[in-house]
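Please find one structure pasted underneath; my questions will follow.
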Amino acid sequence: MSTATAARDRTTQRLRPAGRRRGLRRRGAATAYALLAPNLVLFGLFLLLPLVLTVALGFQETSGFGVGRWIGLGNYERMAADDVFWRSAVNTVVFAAVTVPLTLVGGLGLALLLDRPIRGRTLFRSLFYLPYVLSGVVVALLGRWIFNENVGVVNKVLRALGGDGVPWQSSGAPAMASIIAMVVWQSLGFCMVIYLAGLQGIPRERYEAARVDGATGWQIVRYVTVPGLRQTTFFLTVLMVIQSFQVFDVVFVLTGGGPGVSTELLVTYAYRQGFGARQQGYASAIGVVMFVVVLAFTVLWWRSQRDTEADT
Amino acid sequence: MSTGAAQRTAGTTARRAAPPARPGRSRPGWGRAALLAVVALFLLFPLYWLVATALAPRGDLQGSELRLWPSTIDLSNFSRPLTALPFGSWYVNSAAIAVVAVLITVVVNLLAGFVLAKMEFRGRNVVFLVLLATLMIPVQVVMIPQFRIVAELGWLNTYWAVIIPRAAEAFGVFLARQFMLSIPDDLLDAARLDGASAFRIFRSVVLPLSKPLIAVLVIFTFMYRWNELGWPLIVLRDPALYTVPVGLAFLQGQYTTDYSALMSMALLSTLPMVLVFAVFQRYLVEGIATTGLK
Amino acid sequence: MALDRRRFLALLGAAAGSAALGGCAGFSGGRDDGGGAASDDEITFTLWAGDAELVAFRAIARDFEAAEGIRVKLQQVPFDQLLTTVDAGLQAGQAPDVFRVTYTDLGVYSSQDALLDLSDHLPGGYADQFRPGLWSAVTRDGAPFGVPHHTDTSMILVRADAAQQAGLTLPTSYDEAWSWEQLDEALVRLAGVTAAQQYATGVNWQQFGAYRWLNFLGQAGGRLLTDDLSAPAVDSPEGREALRFTQSFFERGLVPPTTSTKGDYVDELFIAGTTASVFAGDFLLPAIADAGFDFGATFLPRNRDVTAELGGNAVVATADSPRAEQAALFLQYLASQEQMARFCEATTVLPTRTDLAGGDLEYQVRPDLMELFVAQSEAITEDIVEQTTVPSFNEINAALVEQLERAFVGRVDAEAVLADLSADIERALAP
């Protein structure tokens, strides 16, 4: 959302100096809201109202289908003392902290590789993007099959090379690694496409200027391309962080949170609390915490971005 | 980028920056081609494995010794689940849901993008920020209240229950707004001076300029709706109305480790998505470039 | 350059048209309102079902319609989605009229008044037709909230080739069932003849099956709950003995490391040849018999005590169903002698009626082994039934999944695990 705000700032800066009323700015608010009405109804009814209800549920103790009982901050107190909640929170942060940079750097790498003419460029762009159109269930099933401890192809290759199989399913860190691998694999193509689009916006003159200054290929990437893609990177970071807080199907089908709770993420934990253990009050409270954390991250990230921009 | 946005005429190709040729390397190096080959090997292997497992006889790739390709092609992997479960009608259901959802969602997204980008009114920024903040709502958690609302509306067990709530799509609104910011105001002013209504301007000036945007929205919306699992599973109670991903979940329950059958249906479930992507992919990079996402 | 508008519209139009042709029913919502049928002569039945079960349920529903003029609409959902679907329906006042439920999950519904009290719908003396232990599993405070449809239990299935190589003879009468020591020896011998990446056995305590660990607890002479079912009793010397014994399966590599309580379902591993034997319920026999290798069955071990878990399912009607009368009629039809026999024979599960007990059903798959399963089911004691059908058992079962996972995967000491499990159970039992 901060990207959007930044965009709005740009727009107003762009338009104000003209000192003219432009576009449809004089139309009444009534028309605007009339055209917005379908959206307002949809968002209000199916996202904001449920959010409000979720916040309310977070203050209740529920045991399934009966009516809840108000318990104030009880769910939040329980959360503070719940080891599995904290473990899930740590897992979620680790997951995001590894997945997001890997996806961004990998996506940028692919974009740079395929930005300039190379044989089969269009084909490779499409093929690399393809995993992103697979459903989470398909990605997870594929992951389960590839990383199967006994008969999965990864372990079979490792054994054929003389090594031992990796306990992808029965040990925590490898299980987390398998999830990260699948999620990164799925999202790389998306980041690549966005970066490819971003590369189109870097003015050619900057590259020429750098070349004139005798910059090497790596220096051009470092001092022209990367700074030129700052907006893109900012946008992708926000989007990927939001996504990694909400990744559900892949984790649920691939590891189900196990072994133990070593791949339990906040969203899978909340789901299991809400639907498995019928603790919807508690699950809602966890959901509220997730919402607030992501919102806070986005706002802070946007501010830091704005500050660095102001500095330069 | 802000200058780029202002100069750009929407609907025409964005000015393509010349490929940043690097000094000292007049022709594409072997190094780059080799790198691409290695990267492609790793990234494409899972896709290959999906197809190979689907086509190999059961047990061929699931034995304990390493085999990297099927010994023969065995289509019984497809017939086994296809005879046990009505995947055919689930396909039709998924298609119906996805197509109608795309129509509704894209129209609604475009309207919102237009209003938020091109009309000034009290509360505009608040509305926009609130819409964007909904991106951060964890879907799995708000599912129960959503279910209650849909039940109240009497939509359970109809496709509307799958389609309408998910038409509130903040990402799409965001894309549409960013794109429309780059449409020059002068075009709109001209139409306004001719006495056109806001909706008329939207329809006859903005929409024709928005084709790349529409392509992007179609790809994303189709993908989200086609792939969705949890929500249809809860609101569609009649097995005759189920969608393909729900069918996959079924299959997974009954063929837990029969990866040949699982991969064959996974492959089938993916083909329509690949088709849509193949039709619209030409416009993807261009569309995203002009949405101002960069 | 960009998408040609006419082509684009044509494409969308074609797609929408073809979709609308095929899928119009889903838009009208005319089939039913989700919660049930619109008319009085149609009831909805939400269930999960394997291939053979679904065929059996369909046939029974058809005959019921012919006999009573009431249509039964089957709503099949994946097993792990059943509770979610039913819960969501109950919350929204859109529950099915009838649903299938495990004995261990039934309590949470009956204790919250979500189920139809069948007291007024069943003829006098109805209860006497069922095995008392199983009837008590569907009652609360003396009132019936469902009918016991079938039961099942686990035994140890062993591949014939592996048994022969290992020189094992499988006990065929319950009196000769292996002790823990003998089981241990058998597993070690099986492990000796399996190849790399293959294991001696797998135990079926995954997810919902976690309560099958209670078999080992019972065999050690321990209990999960106190006699009056008001407090945990698992943190005992017997509990520690049972947990250490089962933990050692993992420590010594007798079971695949991936088969902890959150891990892989073991029947599939047995079918795939990963394990030489498996703890499996009778309902899995059709799938396993299809696997293309010969196997035998033997009893769960007996140590200090004998036990077998209460498997199987009840069928229940929901409290708010506007078609309570019809629903109750259908439940009785399902549990009638003829229909129960038919269902059990087709799906290799055990009957709950006394007039069908004793193994005179004609099972379609491996009748030789079903005879043994019938004998094994004698070990489903009243005691076991009582403990595993307390209203909060499904919460206790969830705690078992978590705590056993710690013991098996995390290798956490038995003492610590049982102390935590005890605390979890106490919380679950608290009103």
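In order of appearance the chains are A, B and C, and numbering begins at 1 in each one.
We adopt the following convention: contacts are C-beta pairs under 8 Å (C-beta built on N, C-alpha and C of every residue); 3 or more make two chains touch, one makes a residue touch a chain.
Quick caveat: nothing in here was measured; it's all calculated off a predicted structure.
**Q** Once you count every C-beta pair in contact for both, which comes out on top, B-C or A-B?
**A** Of the two interfaces, B-C and A-B, more C-beta pairs touch across A-B.
**Q** Among the chains, which is located farthest from chain B on the basis of C-alpha centroids?
**A** C
**Q** What is the distance in Å between the mean C-alpha positions of chain A and chain C?
**A** Centre separation, chain A to chain C: 38 Å.
**Q** Indicate the whole-number Å distance between the mean C-alpha point of chain B and the mean C-alpha point of chain C.
**A** Here chain B and chain C have centroids separated by 38 Å.
**Q** Taking each chain's centre as the mean position of its Cα atoms, how many Å separate chain A from chain B?
**A** 15
**Q** Would you mind listing the residues of chain A that make contact with two or more other chains?
**A** In chain A, 150-151 touch at least two other chains.
**Q** Residue numbers in chain B touching 2 or more other chains?
**A** Correct list: 62, 64, 144, 148, 249, 252, 286.
**Q** Do you know which chain C residues sit against two or more other chains?
**A** Residue numbers touching two or more other chains: 84, 91, 197, 264, 269, 272.
**Q** Inside the complex, what are the residues of chain A that reach chain B?
**A** It comes out as residues 1, 4-5, 7-8, 10-11, 13-15, 22-25, 27-29, 31-33, 35-36, 38-40, 42-43, 45-51, 53-54, 57, 109-110, 113-119, 124-138, 141-142, 145-146, 150-151, 153, 156-157, 159-160, 185, 188, 193-194, 196-204, 207, 211, 214-217, 220, 224-225, 229, 231-232, 235, 242, 245-246, 248-249, 253, 266-267, 270-271, 274, 280, 283-284, 286-287, 290-291, 294-295, 298.
**Q** Write out the stretch or stretches of chain B touching chain A in their complex.
**A** Touching chain A from chain B are residues 1-2, 4-6, 14-25, 28, 32-33, 35-36, 39-40, 43-44, 46-47, 49-50, 53, 61-66, 68, 108, 111-112, 114-116, 118-125, 127-142, 144-146, 148-149, 164-168, 170, 173-174, 177-178, 181, 185-186, 188-189, 192, 197-199, 201-202, 223, 226-230, 245, 248-249, 252, 259, 262-263, 266, 269-270, 273-274, 277-278, 281, 284-286, 288-289, 291-294.
**Q** Flag every residue of chain C that touches chain B in the complex, lowest number first.
**A** That would be residues 1-3, 5, 8, 11-12, 15-16, 18-20, 22-29, 31-35, 44, 46, 48, 50-51, 73-81, 84-85, 88-89, 91-94, 96, 195-198, 264-265, 268-269, 271-272 of chain C.
**Q** Hey, which residues of chain B end up touching chain C in the complex?
**A** For chain B paired with chain C, touching residues are 11-13, 62, 64, 84, 89, 92-93, 95-100, 102-103, 144, 147-148, 151-152, 154-160, 208, 211-212, 214-215, 233-234, 236-241, 249-250, 252-254, 256-258, 279-280, 283, 286.
**Q** Which chain A residues qualify as touching chain C in the complex?
**A** 63-66, 84, 149-151, 165, 167, 169-170, 256-261, 275-278
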